[in-house]
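Letters A, B, C and D mark the chains as written, and numbering starts fresh at 1 in each.
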Amino acid sequence: MPASRPARILRIAMNGVTGRMGYRQHLLKAILPLRDQGGVTTAEGTRVQVEPVLVGRDAGRLREIAERHGVRDWTTDLDTVLSDPSVDVYFDAQVTSRRVAAIRAALAAGKHVYTEKPTAETLTDAVDLARAARQAGVTVGAVHDKLYLPGLVKLRRLADEGFFGRILSLRGEFGYWVFDGETQPGQRPSWNYRHEDGGGITLDMFCHWNYVLEHLIGPVEAVTARTAVHVPVRRDELGHRYEVTADDAVYGIFELGGGAIAQINSSWAARVHRDELIELQVDGTRGSAVAGLRRCVAQSLSHTPRPVWDPDTPVTESFRDQWLEVPANADLTGAFRWQWEEFLLDVVAGRPHRHDFLSAARGVQLARLGLRSAEEGRRVEVPGIAL
Amino acid sequence: MPASRPARILRIAMNGVTGRMGYRQHLLKAILPLRDQGGVTTAEGTRVQVEPVLVGRDAGRLREIAERHGVRDWTTDLDTVLSDPSVDVYFDAQVTSRRVAAIRAALAAGKHVYTEKPTAETLTDAVDLARAARQAGVTVGAVHDKLYLPGLVKLRRLADEGFFGRILSLRGEFGYWVFDGETQPGQRPSWNYRHEDGGGITLDMFCHWNYVLEHLIGPVEAVTARTAVHVPVRRDELGHRYEVTADDAVYGIFELGGGAIAQINSSWAARVHRDELIELQVDGTRGSAVAGLRRCVAQSLSHTPRPVWDPDTPVTESFRDQWLEVPANADLTGAFRWQWEEFLLDVVAGRPHRHDFLSAARGVQLARLGLRSAEEGRRVEVPGIAL
Amino acid sequence: MPASRPARILRIAMNGVTGRMGYRQHLLKAILPLRDQGGVTTAEGTRVQVEPVLVGRDAGRLREIAERHGVRDWTTDLDTVLSDPSVDVYFDAQVTSRRVAAIRAALAAGKHVYTEKPTAETLTDAVDLARAARQAGVTVGAVHDKLYLPGLVKLRRLADEGFFGRILSLRGEFGYWVFDGETQPGQRPSWNYRHEDGGGITLDMFCHWNYVLEHLIGPVEAVTARTAVHVPVRRDELGHRYEVTADDAVYGIFELGGGAIAQINSSWAARVHRDELIELQVDGTRGSAVAGLRRCVAQSLSHTPRPVWDPDTPVTESFRDQWLEVPANADLTGAFRWQWEEFLLDVVAGRPHRHDFLSAARGVQLARLGLRSAEEGRRVEVPGIAL
Amino acid sequence: MPASRPARILRIAMNGVTGRMGYRQHLLKAILPLRDQGGVTTAEGTRVQVEPVLVGRDAGRLREIAERHGVRDWTTDLDTVLSDPSVDVYFDAQVTSRRVAAIRAALAAGKHVYTEKPTAETLTDAVDLARAARQAGVTVGAVHDKLYLPGLVKLRRLADEGFFGRILSLRGEFGYWVFDGETQPGQRPSWNYRHEDGGGITLDMFCHWNYVLEHLIGPVEAVTARTAVHVPVRRDELGHRYEVTADDAVYGIFELGGGAIAQINSSWAARVHRDELIELQVDGTRGSAVAGLRRCVAQSLSHTPRPVWDPDTPVTESFRDQWLEVPANADLTGAFRWQWEEFLLDVVAGRPHRHDFLSAARGVQLARLGLRSAEEGRRVEVPGIAL
């Protein structure tokens, strides 16, 4: 389709595209396809083209990527890019430790900012960044890709449709067996298992659970967590034994605004007897649903069976067959690209993006409070963050 | 096959056989079939016949049951039965509130005692009963029927065979949707939902979880629980609306001797997307298993897949098909009868029954501590019970 | 991905690349892909490129192959190649009868040597070659490709994981129906059936069985074999009838170090009622597995059924469904290339290759002793080979 | 159907009907149904009724069986029965140690004799019995029930139809996993594992293999066997550990008249990856078949695929699907009854039964020679037995 001339071009400085996430998910699967289709189109029909500017530290690899994909501009000099008035958006997919400084600089330069998560390593930094963003008055967003996956989109749609009635509870199960390196190499990097290197499944997953719960049901008001180191000795990438110092499983109970309870297990030491690695069940007065990242099945009150608890009698119903697939009714692929589109349209419209730095900060907060709950053996309330 | 003359006859006073459990599970499915097959046979080959004496408060129903099943003796006078030296065993299937006094009397009369659970409404009473039993020097037992169901027998056998390696965790899911009486009547009695009547799912289920965990993995050393009243208003048996005062769901985390963690959800307000109403997953270093009350599937380390967590890529494996059914390799039906046989052989041999009143008391204790944990918002350690 | 300059280039004289195995398996599927991906990379991250030098007797075919695949160097003069100091490795895929002399020359010239099997036609030659290799102090290897096939890799992993417990026995079945040339031409060359031409299935397969057994379970300590000529007359490539003088089937029993027994049938006169042409079943105290060259299924003690031998009662279980696929959990394709990579990394590291000429000599030894056992009608012990 | 008056009544003294085999297989499933259908009918149309006389040592059990099944005569006095001229046939299903004396007495009394196998504990006794039978001039038979099972009947029919062409080889696999009593009780009696009690799988199975091979292909002319004790310690019926002194697996190679080779593994320590516990494959020049006790599939030369041995290429054919079920085309159930009918018709006709005492003696001989082969580590020829 020959595209008409775009009304506007958004130039996006993409920092960290030599990394796996930055390259594959953001450049390859989001920005380049958006560029190749002629950009995004606003509700009013205005077409806005996108133009990436690759930023990084390895000139050779940047040049190679730029050439391979027909990207004109690339640079190893972040400052110059940020001072270039033609650049509208700064995107950050660097390692977490380098993120805060770069985003601060971008905000200071008046750029809109979109970033991989977590936004910072500490809650203080994350909150400061949210504050800086608010002061800058630009549109900022943090990647909340899970929310754009088909399973969660369907869950959200069920909630919007009133399918659940009042939501009572959510039960989540996430994880899989990560080999310990003895007979088969582990399929996660060893730093994940070292507290001193920022490892641990609580830090890794609670920021996700925060936005999932917030988005599907309501804000987390209190957390009770129990962490565990189920496999205390593992072999690293070179085959050397090391002691695990970070949690490889966390059992969490979350109290949500509105009174619902969420119970979510996250584990790298459990085998998968589910349809997907992640499984969320939402129960409500009028219906329930079970979703993975892709599929979603639901059962309404009207389809609810009436089992009687009689241990001495074998089950005569096939409970799993009493749930019905929720159709996509749309092309739900491309989670990263989808959020990019939404963010860019927010930029064009000059409005806030719903998944902002405050939401990202709340994710960091929940992880920290979860760890504190486990350490102190008690339920911890989640205070609001004031900017 | 014509049976030879039994070496001995055990007379069993069965109190509460007009109730559903007492009649169906104990009289109909256990004692009468045992009687009709000529009793139980010891390891040394001695045959011991059983002879029920029906005890209850409703003479008409007792007579009717006795006649229907060819039982000679029945009475509404418990004292007389207990003072009859030809009666060897007292069995109690009354409502819980009448249990303690009756069992005390039976112990005082020197009878062996077998009873439905819980043994008492309060921990103090349950412990006192265990103490009295010890002093009486008779064989006592409490019904732990779940342990005799095929699914749990298989789980236990897997543990005995070393299939799991070191057990890391157990995850349990129990429950189903109990209708609230608005459009369909509830399938549980309304007292279950009233705290003042001894209701609540924690009291109902934690005594089960205690012996399941103790038997499969190790004693519970600490508990963290969060209770909920998900459906606060219901209609009772007469269709009257009432306020729910007892928990209809409880989210529990149990720390077990040996370091394993068990996380079990119990809910009367969740829909069933499982193969059975109850599902337990045990994960260990060398293998995992998922069991209901009947079926059990398992996956060894060597069959463990190696998924990589990549939300943007659809699942290409059928995880549930990577588990293999654990065969029964024996006739595993008849949980109640099975424990009865074991108990009676213990009586004949003059040895303790493994599921005694102390184990029953620990179940009551765990329920109480679970409720306290929920109230106080903190992890509660489980102290040992000294007799 | 642009590759950095390799730290070193290994030049490999490949003798016999005009033959099927040399061309397809070694040049096409191993060395050329290695070259095209930039060589092999050591554990320390050093990249070593490979560069083939084609050697053979047919100049025309060599030139054609070289041009087709962009190989610069080829020659019909082996001596010159061996005296070229820039050549690091000599590879031999010639017919067996020409192998010994060529490898001796390569060792004398100080080259590392990698070779197709068998290393020699006689045990004396095979042992002498192993001795010469040891004296030369270079890295030598013989192709043991079966060990690098997915099925055997999985079997070995199961053994490493302790899945089998103590291994009790191995049962192997190999073979297929080779047409006799009457109505359909035979799918094996006629020399395979002539003793005087080095034919016979024992000579062909026992060298494989030796390394398979040695690698999976333990060294062969004694062999009992019965050879057969099941189809005594066949038609050759020209349609002429000839008398078969070499064994077309061999029934072998192998006693292994550690006490296990292996029983393996090899036959070119049996039809295939198996999943693959080769099938190995390993039984151990804690589990069993059945593998072909690709697939592997396993059954643990805990999944073991409990059949009762009652000929008058039909089978009610589907025994084959009681086994579960062992996942690859890695890319296990490319057996030949995989061993090449391992060998080349051994060369770079200056260490021995695990499948050396001594292992190859033991294969020849087993074949010879198997034939002797058949001739003399007795069990033959396998003496150790001293270099 | 009202039956006409039988031309003759055969009275059969059945000794050992209180044992499992005697009662179930011979009385319940063979003689009583034959009686109830009015007996057997000769080719000429003559009907001969059968009338059992129960013989045994436990009067109570004999009376009970006699009453339950409407059998008029029973006795504990064997001598009287044998001296009763109205008794035509003596059948023996006692324990082996009591068999020889009883059969000798029956032969001396001029009775036709049918017996369970083995006919004797030693070869000498078995041969003597065969000699005595020949001298007595009566019809004698030994149970060869396997030959009357559908799978073997089909194999034999294929052979008779010339389906195989010249039979080249037979491969047999028999066995299953017998638990060692540690976590699950063993499903075979402990005496099976004690040499001093007549245990061992060679003694148990070689007498079967002898008649199977003889019947399907030809007499066994030489045997090479290797026995093993794979699981050296087990727990007995009372849970006590004991040392295994008898072979629990035997790997046998049999050379058959006509030049075919049979290789059969028998094991109580192997898991079953087959359709049935026993599997026999017969390969011939024109076709092959694979049979269990029930099913039989076959592949003719014309359906034979043409695989090429290329380890580096995955299998693209489903070899097992290239075999076609052999139809029963008749009611093939009731192996024991079927041989009884054949035996009784032989008695009526005054001709020898094909499965006579000499065939039984050859079974014992093969077991003994198999054990000798294993002990001496050599092939042992099977001498003919001269009566």
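Methods note: a residue touches a chain if its C-beta (ideal position, glycine included) is under 8 Å from a C-beta of that chain, and two chains touch if they have at least 3 such contacts.
What you see is a predicted model; the values in this text were computed from it and never measured.
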- Out of A-B and B-C, which chain pair has the most contact pairs? A-B
- Message: With centres defined as the mean C-alpha position, give me the chain A-chain D separation in Å.
- Response: 69
- Note on the structure: Whole-Å distance, C-alpha centre of chain A to that of chain B, is 43
- Mind checking the centre-to-centre distance between chain B and chain C? Centres are C-alpha means, answer in whole Å. 58
- Task: Could you list the positions in chain B whose residues touch two or more of the other chains?
- Result: 157, 161, 299, 301, 304-306, 322-323, 329-330
- Task: Quick one: label the inter-chain contact graph as line, ring, star, complete or other.
- Result: other
- Which of the residues in chain C come into contact with chain B in the complex? 157-158, 161-163, 286-287, 298-306, 322-327, 329-330
- Message: For the complex, give me every residue of chain B touching chain A.
- Response: 24-25, 29, 145-146, 149, 168-169, 171, 173, 176-177, 179-180, 183-184, 187, 224, 226, 228, 230-231, 249, 251, 253, 255, 261, 263, 265, 267, 269-277, 281, 283, 285, 288, 290, 292-294, 297, 299, 301, 304-309, 311-312, 314-315, 319-320, 322-323, 335-336, 377-379
- Query: Can you list the chain A residues touching chain C in their complex?
  - Reply: 60-61, 64, 179, 183-184, 238
- Item | In the complex with chain D, residue positions of chain B that touch it | 1-2, 43, 157, 160-161, 329-330
